[in-house]
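Okay, so subunit A shows up in both of these, paired with subunit B first and subunit C after.
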Partner chain A sequence: MPGTHPRLRAAILRGGGILIFLLLAAPAHAARINELAESTLSGRMVRFFTFQDPSLRYALLGSMLLGICCGLMGAFLVVRKLSLLGDALSHAVLPGVALGFLWGMTKDPLAIFIGATVAGLLGAGTVQLLRHTTRHKEDASIGFVLASFFGVGVCLMTMIQNVPGGNKSGLDKFMFGQAAALGRGDVLLLAVVALLALGAVTVFYKEYTITSFDPGFARSMGLPVQVFHYSLMLLLAFAIVSALQAVGVVLVTAMLVIPAATAFLLTDRLGWLLVLSAVFGMCAGAIGAFFSFVGRNLPTGPFMVLAAAAVFTAAILFGPRHGIVARWWRHVSRSARIRRENTLKSVYHVLEDEGFRSEQVDARELAERRRETIEEAQAQLNTLRRHGLATLSGDGISASLTPEGWQRACEIVRNHRLWELYLTNAAQIAADHVHEDAEKIEHVLGEETVRRLEKRLNNARRDPHGRLIPGLEDIRLGAGARPTPPQPTGYGAPDPPAP
Partner chain B sequence: MSASGTDPALPLEIHDLTVAYHKKPVLYGIDLEIPAGKLVGVVGPNGAGKSTLIKAIMGLLPASSGWVKVFGKPYRESCHRVGYVPQRESVDWDFPVSVMDVVLMGRYGRLRLAQRPTRHDREIARECLEKVRMLPFANRQIGNLSGGQQQRVFLARALAQESDLYLMDEPFVGVDAATETAIITLLRELQSRGKTLIVVHHDLSSVREYFDMLVLLNMRLVAAGPTREIFTQEILQATYGGRLTILSDVAQAIGEGG
Partner chain C sequence: MIAHLRALFPPFDWHRVIVEPWSADPAISLWIVLMGFFVAAACGLVGNYLLLRRMALVGDAISHSILPGLVLAFLIFRHTNIWTAFAGALGAGFATVLLIEFIHKQSRVKADAAICIAFTVLFAAGVVLMSLLETKGSFHIDAECVLYGEIAFVPLEPPVVWGGIGLGPPSVLRMGGMLVLVLVLITAFYKELLVTSFDPGLSRSLGMNTGLWHYGLMGVLALVVVSAFEAVGAILAVAMLIVPAMFAAQLSNRLPVRLGLTIIHAAVSSLLGYHLSVWLQCSTAGAMVVAGAGLFTAAWVAGLWHTAALRLRSRNS
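Up next, the complex of A and B:
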C-alpha cells in the first residue's frame, strides 16, 4: 500500500496479528498468516469494500442472511425461554452433516441440509421424549442430547477426515464456520430459508405471539397451538442448518441467542424485538464476514459471535432504560436531588427556629444545624443557587430562598411531618420511631398521595412532635412574588398556640 | 352473539368426566349441569381438581372418560362462545407485550388465521380496559403492573372475547380488597346480561356473598346446587373433612403402577 505511513501500517498489522493469535493460539500458524497479511491485508480491505470478488459477495450476502434468519428465530427462543433448546438442536445436527456428506462423498449442500435437519429434529424429539417418559426436566434432557449427538458427530467427522480425500472435503469448516467457502447454492439456500422465516413471522405474527405468550389461552380459543410450535421448531432447524457452513456448529447457538438477548435489553415490544434482533444478527454476520475475508481463511463464526457479543455488552452498558450507565446516572441525579432537598429542609428548620423573623439564612447557622463545616454549608447553598432555589448575598455567607426554593422546602417539610403523623396515628408507631422512615419517604411522596394523607389525617396541623405542618396556603404564598417567607399558617386558620 | 337466555341448550353439561395426570386420576366421574345466567363458584381444598376441571372442560387436559358439552355441542365447536381467565402465574409477565396487546388477544378467536386486529377490535379492547379501569395503563409493558392490575388485564382480555360462558381460574388470588370488589361487581354485571360464569374460588368466607350457585369438589363432585341449599356445615365437612383416604391411596397406587 504505497503512501501509507509505515508506522500506521505496522500498527494495523500488529492488531491483525494479535487477533489471529488469540483465535488460533498457535504462534507458528499466526506467523505464517501474518506473512500472508503482510503482502495483501490492505489490498484485501480495499477489495472487501469494493465488492469486486464474487466469492466475497456470496460470503457477505450469506452471512447477513443467516444473521437475519438466526435473529428472528432466536427472538422467539429467548421470549419462550428456550435458548438451551437452540443449543441442543445446533449440536445435534453434526452427525447429520457427516451422514449427508457420506451419502455421496461430496459436499452437496442439499444432502447435508436434509441430513442435518433430520438429525436436528431427531435431537429435539429425543429431548421431548426424555422429558415426558423419565422424571428428568428439560435441562438434563438437553444436556444429554447435546453431548451425545455431538459426540457421534465428532466421531463421524474424524472418520471422514481419515478416508482418502476426506481431509480435502472442507467438512472441517463446519465446526467453526467459513463464510468464504459459501457457494452460490449455499447462498440460495440461505435466501430461501430467510424468506420462509420472514414470511412466516410476518404473516402469522399474531398467532406466534399468542402461542408463545399464553399457549393455554390460545388453545382455549381453538388455535392449533402445536402446529405453530412445531412450525417454529422446523424453521429454527432450517435456520441452524443453513447457517452451519458460515458460522459453524459450535457457535451457531450464539447467533441465535445473542442478537435476541441484546434486543430484549433495549425494547419491551415483541415487534421491535424481532426487528432489532434481525438487524443485530445481520450486522454481526457482515462484520464476521469482513474479518474472515480480510484475515483470509480465518473461521467466520468466532468473529460473528464476538461482534454480536460487543453489541450485547454495549447494550448492557448504554441501554437507555436498563443500561448500567443510565441506571447509574439516574441514581446519581436522584442522590443530588435528595441532597438539595435536605439542604432546603435545613434552611426551613433554621428559619422556623427563629420564628420566621428573618428571611436570611447564615452559612454558619446552617452548618451548625447540619453538623457540617461552614465550607460544606456554603457549597450546599451554592448548589441551591445554581438550581435557582436560593439567592446568595454578595459575600456568599448568607442566603435567602427564591419562591421556588420556599415552595419546595415547604413541600418537603410537609411531606416529612405528614408521614410522621400518619405513622403515629394510623399505623400506631411510637413517635420517636418515625423520623428515620420519614427521612426517606419525604423525597418520593407524590401530590396525589399527599392529598390522600391529608384527607386521612383530617388536615391535621401539627406533627407528632408538636410542630406546625406547612399547608397549601404557605406553599402557594411562597410560590407567589412575596419577598419574605411568611409565617406558616398550617392547615386551616387560626392556629392555636403550640403546646 | 345470541343471548344465553334464548338458547335452549345448557351452557355446560358434563357427564361422567374422569381426568388423569400422568395416569394418576385427579377427577373422578364428574356429572354436572350448569343452567344459564348463573354465577357459579367452584370450591374445594387444595388438590381437589378445581383448575383441572376448568382445563378439562376446554380440552386443555385430556379426559380419560366421559364427555363435556358446551351449549349442547362439543367444546371445539362452541369455543368462540367461551371466555377464559387463566391463573395469573401461568404466563411469563416479562414477555415483551403491552397491556393493549394482551387485551387484543381476546379478539384473536374471532379473527381469521393471519388476519390482523381491526379498528373495531381495538375499540372493543379499549372499552374492556376502561371497564376494569386499566385504560391509562394500556401502553405499559405487562411486567410493570401490580398483581391486582395484572389480574384486571386478564379479566379485560376475557371481556374482549364477548362470550356467553366465562371460565375463571382463581381471579381473586393476589388482588387487593378494592380490586376484588371491582371484579365481583363486574361479574354481577355480566350475569345480569345473561352470561354464565364459573369461577374457581378458594376463600370460603366470601362464598355465600359472591355466588348464587356452588360446585363443591374434592377429587369427585361432593355437591352442586344453589348456595343457600348446599353451603352447609355438613356438606363443607364432606368436602374439606380430611383427604379421602381410600380414594387418594388408590390414586397413588395407580400412579405408581402406571
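Up next, the complex of A and C:
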C-alpha cells in the first residue's frame, strides 16, 4: 500500500494475518453449503453469522480474498485505461484451464492455475504484439484476443469430452462460478495470491505509480516500463485465475473493474484508490457469499457483482465531489447565486441612472430595466431580502440594499467593467463586443485576479463606455458610508487628464 | 499429458474429414456451413464499421446483455418463443448502449471501464433472475447454449415449407434475411456510413446527424448479434464481429475491398471451421472462430514477412 499510510498498511497486513489464521484453524470435515437447503431462512442467517460451517468459512474467506486481489489489480487497470484487457484476459484463460485439466485429467488446482496463467500471459503478449506490429487499434486487438482465445478454449473443452476417463464434472463451473465449491486448497491459493499482490504493490508502489501515469517519464528515469507492465499482467492473471472458480469467466471482469471504478469516483489519490478498491472488493465478496448462502445455493458471482454495482450506483449518485447529486446541487446553487448577482447589478444600474440620489429602488423601475413583469421583479427583490442583501419597504414595492448587498453589487459591476476594459485595452477587442463576455466572467472573477487586472490597467477608473468603475472604497465602506450623491468616487479622486 | 494430448487429436483421415460430410448427408453440411457463412458475413460487415469507429468492444457488451434480455422477455411475456426472445434481447442490447453512455457521460469513469461495468452488471442481474426463476421451476434457459450456441442443431429444425417446396431450416433463413438486410442497408447508406465513420467532424459540418447514424448502427449491431447468438453463442458472436473485419483491414485500405474480403473470409472460415470440427469432434462454432482467427494470423504473419523482406531489400540495395 501507499508509503504515506503506514498505519493503514499495518492494519491491512494484520487483517490478512487474521484471515489466514481463521483459514488454517478451520477443521477439514465440512458439510457443503448446498446440503443446508432444508433449513429455514433465519436458521441459515444465524449459521452465517456464527460461522459454524467450515465450508461457509472457506466460501466467505475465499470471496473476501478474491475481492481484495481483484480490487487491487483492478485499480491499476482502471487508471491505465485497460479495463477491457481484464475482460480479454478472463476469457483468454479458458484454453489454459482446459490444458491444465488435461495434464492429469483431474481438476488439480495447481495445474489449472499454471495453465491458465500461461494462457493469460500469452493473451496479454498477443495484445501488445498486435498493437505494435499492426495498425489495429487497441480495442480491436483486445477483442481479437478475447474472441479467438475463447474460441480455442471452447474447442478444447468440447474435445476433452471425447477423451476417455477422468472426472470432467464441474469443469463448466468455470463459466459462472460457485463460491460454495471453494475448497481449502483454493482458499490457500487465493491467500497466497492476495499476499503476493499486496506485497508487490507495497514494495513497488512508487514504480507502479510512475509507470501507470507517465510511462514516458518512467522510461526517461531508466525504469524498465515493460517489466513492470508484464509483472502487473502476471499478477492480474494470478488474480483472474484464482477468482475464476468462485465468480466465473464473465464476472471476473466485473470484480476487477467495478470496485476500482467506485473508488475512482471517490478519490484522486492512487493510494486511497487502492485501499478503497480493495475494501469495496472485499465487502462485495462478503455480501455475495452471504446472499449465496442465505438464498439456498444461489450462484455467488452475480450477487458479488450486484453488491459491487449497488455501491457503484451510490457513488455515482452521492459521491461528495463527482456525484450526480453533488454536481446538481452545485449547479443549482451556482445558478441561483448568479441570478441574485444579476438582480443586484440591475439595482446598481437603476441607482446609477438616477445619479445615486436615492437609496430606494422601485420594483417597477427594476422590472422596466430587466424587461420583466413587476411580479418577477418583486420576487427577485424578495430573494435578495431572504439572503440579507436588501430590505423591503412599502409592501415590497421598493427596496434598498443592505451594506452586504451594496458591497456585492459594487463588486459585480466592478468585475464587469474591469473585464470590459481589459478586453478592449489588452486584447484589442472592439468596445461593443465585450459585453457578452463580461456578463459571464463577472460572477467568477476572484479578488486576486481583480487586483492583478487593476494593476495591469493602471487602476483605471472608467470602463470603455465611459462609466465609472466602482472602486475599493465603495466596496469597503458599504451602504452606510455610501458616497453621497452625485457620484461614487471610483479609483482615486479626479480623472487623470486625457493623454 | 502427451498421451492425453494424443487422445485429444484424432488422426486426420482425409475420407472421414473432407469427403464423408458431403457424400453421406450433404444437406446437413450445407445448412451448417451456410449458417456459419451467414452469421460471419452479416456480423463481419457490421464489424468493419465498428472497427473504423473503434467500438469493437461495444459488440462484446451487447452480446453479453442477451442473457438478461431473454430472462426479462420471459418475465414480461410469460412464455418463450423466438420473437419474444428477440424483443427481449434487442431491448437489453439498447439498454446496454444507453447504460454505457450514461455511466460515461455522468461520471468521470472512462469509456472502457463503463463498457465493462454496464455489461457485467446486466449479465449478473440476468444470472440472478435466471437462478431465482429456476428454483421456482418455471423457467429454464440453457446457459451453455447462450454462451456457446449450437450451430450443429440447425439442420435438425423442421424446415420451412413454402408453396410445397422445402426452403430450409427457419434459423438459416432468418440469418440469410439478416445478411440481405445488412447488405441492403450498407448499399443504400454507403456514403453516409463512410463519412460518419471516417470523419465525424466533416459529416457534422455537412449537416448530418451523427448521433442518429451512431444509434442506427447500434440498432443494426444489436439485431445482427441477437440473431447470430442462437447459432454461435454470445461470446463467439464477438469473434464473428471482429475477426473477419480485422482480416480485411489487414489486407486492404479501401472500404469496398474490405467489405468484399470480409465476405470471402466468412465463407472460407465457415467451411474450414466445419471440417475442423468434424476432424476434432469439437464445437462447430468454436472451430469456425479458430479457423477465422487462423486466417487472420496467416495474413498477419504474411504481412510481417513482407515488411521484413522489403526492409532487407532496401538495406541491400
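Convention: the second predicted complex is superposed on the first by the 401 of 499 C-alpha atoms of A that agree within 3 Å, B and C clash if a C-alpha of one lies under 4 Å from a C-alpha of the other, contacts with A are read in each partner's own complex, and residues count from 1 in each chain.
Criterion: a residue touches a chain if its C-beta (ideal position, glycine included) is under 8 Å from a C-beta of that chain, and two chains touch if they have at least 3 such contacts.
Not measured: the values here are computed from a predicted model.
S.K.: For A:E207, select first, second, both or neither according to whether it touches subunit B, subunit C, the two together, or no partner.
M.R.: Touch partner of A:E207: subunit B, not subunit C.
S.K.: Could you say whether A:I324 touches subunit B, subunit C, both of them, or neither, answering first, second, both or neither?
M.R.: A:I324: touches subunit C, not subunit B.
S.K.: Going by the contact rule set out at the top, does A:M221 touch subunit B (first), subunit C (second), both, or neither?
M.R.: So A:M221 only meets subunit B here.
S.K.: Just to be sure I read the superposition right, which of the two partners does A:R337 touch: subunit B = first, subunit C = second, or both, or neither?
M.R.: A:R337 sits against neither subunit B nor subunit C.
S.K.: Which partner chains sit in contact with A:K81 here, subunit B, subunit C, both or neither? Use first/second/both/neither.
M.R.: Both partners.
S.K.: When the two structures are overlaid on chain A, which partner does A:G143 contact: first (subunit B), second (subunit C), both, or neither?
M.R.: A:G143 sits against subunit C, while subunit B stays out of touch.
S.K.: Once the structures are superposed on A, label A:F264 by its partner contacts, choosing first (subunit B), second (subunit C), both or neither.
M.R.: The answer is both, since A:F264 touches subunit B and subunit C.
S.K.: Going by the contact rule stated at the top, is it subunit B or subunit C that touches a larger number of residues on subunit A?
M.R.: When the residues of subunit A touched by each partner are counted, C comes out ahead.
S.K.: Please write out, lowest number first, the residues of subunit A touched by both subunit B and subunit C across the two complexes.
M.R.: The overlap between the subunit B and subunit C interfaces on subunit A comprises residues 81, 264.
S.K.: For the complex, give me every residue of subunit B touching subunit A.
M.R.: 55, 58-60, 76, 79-80, 82, 84, 86, 90-92, 95-98, 101-102, 105, 108-109, 111, 113-117, 141, 143, 157, 161, 167
S.K.: What part of subunit A is in contact with subunit B in the complex they form?
M.R.: Subunit A residues touching subunit B: 79, 81, 203-204, 206-207, 209-210, 212-214, 216-223, 264, 267-270, 273.
S.K.: Touching subunit C in the complex: which residues of subunit A?
M.R.: Per the touch definition, subunit A meets subunit C at residues 78, 81-84, 86-87, 91, 102-105, 130, 133-137, 139-140, 142-144, 146-148, 150-160, 162-164, 172, 175-176, 250-251, 253-254, 256-258, 260-261, 264-265, 296, 298-299, 301-303, 305-306, 309, 312, 316, 319, 322, 324.
S.K.: In the complex formed with subunit A, which residues of subunit C make contact?
M.R.: Within the complex, subunit C touches subunit A at residues 1, 4-5, 7-10, 51, 54-57, 59-60, 64, 103, 106-110, 112-113, 115-117, 120-121, 123-125, 127-128, 131-132, 135, 143-144, 147-148, 235-236, 238-239, 241-243, 245-246, 249-250, 277, 280-283, 285-290, 292-293, 296, 300, 303-304.
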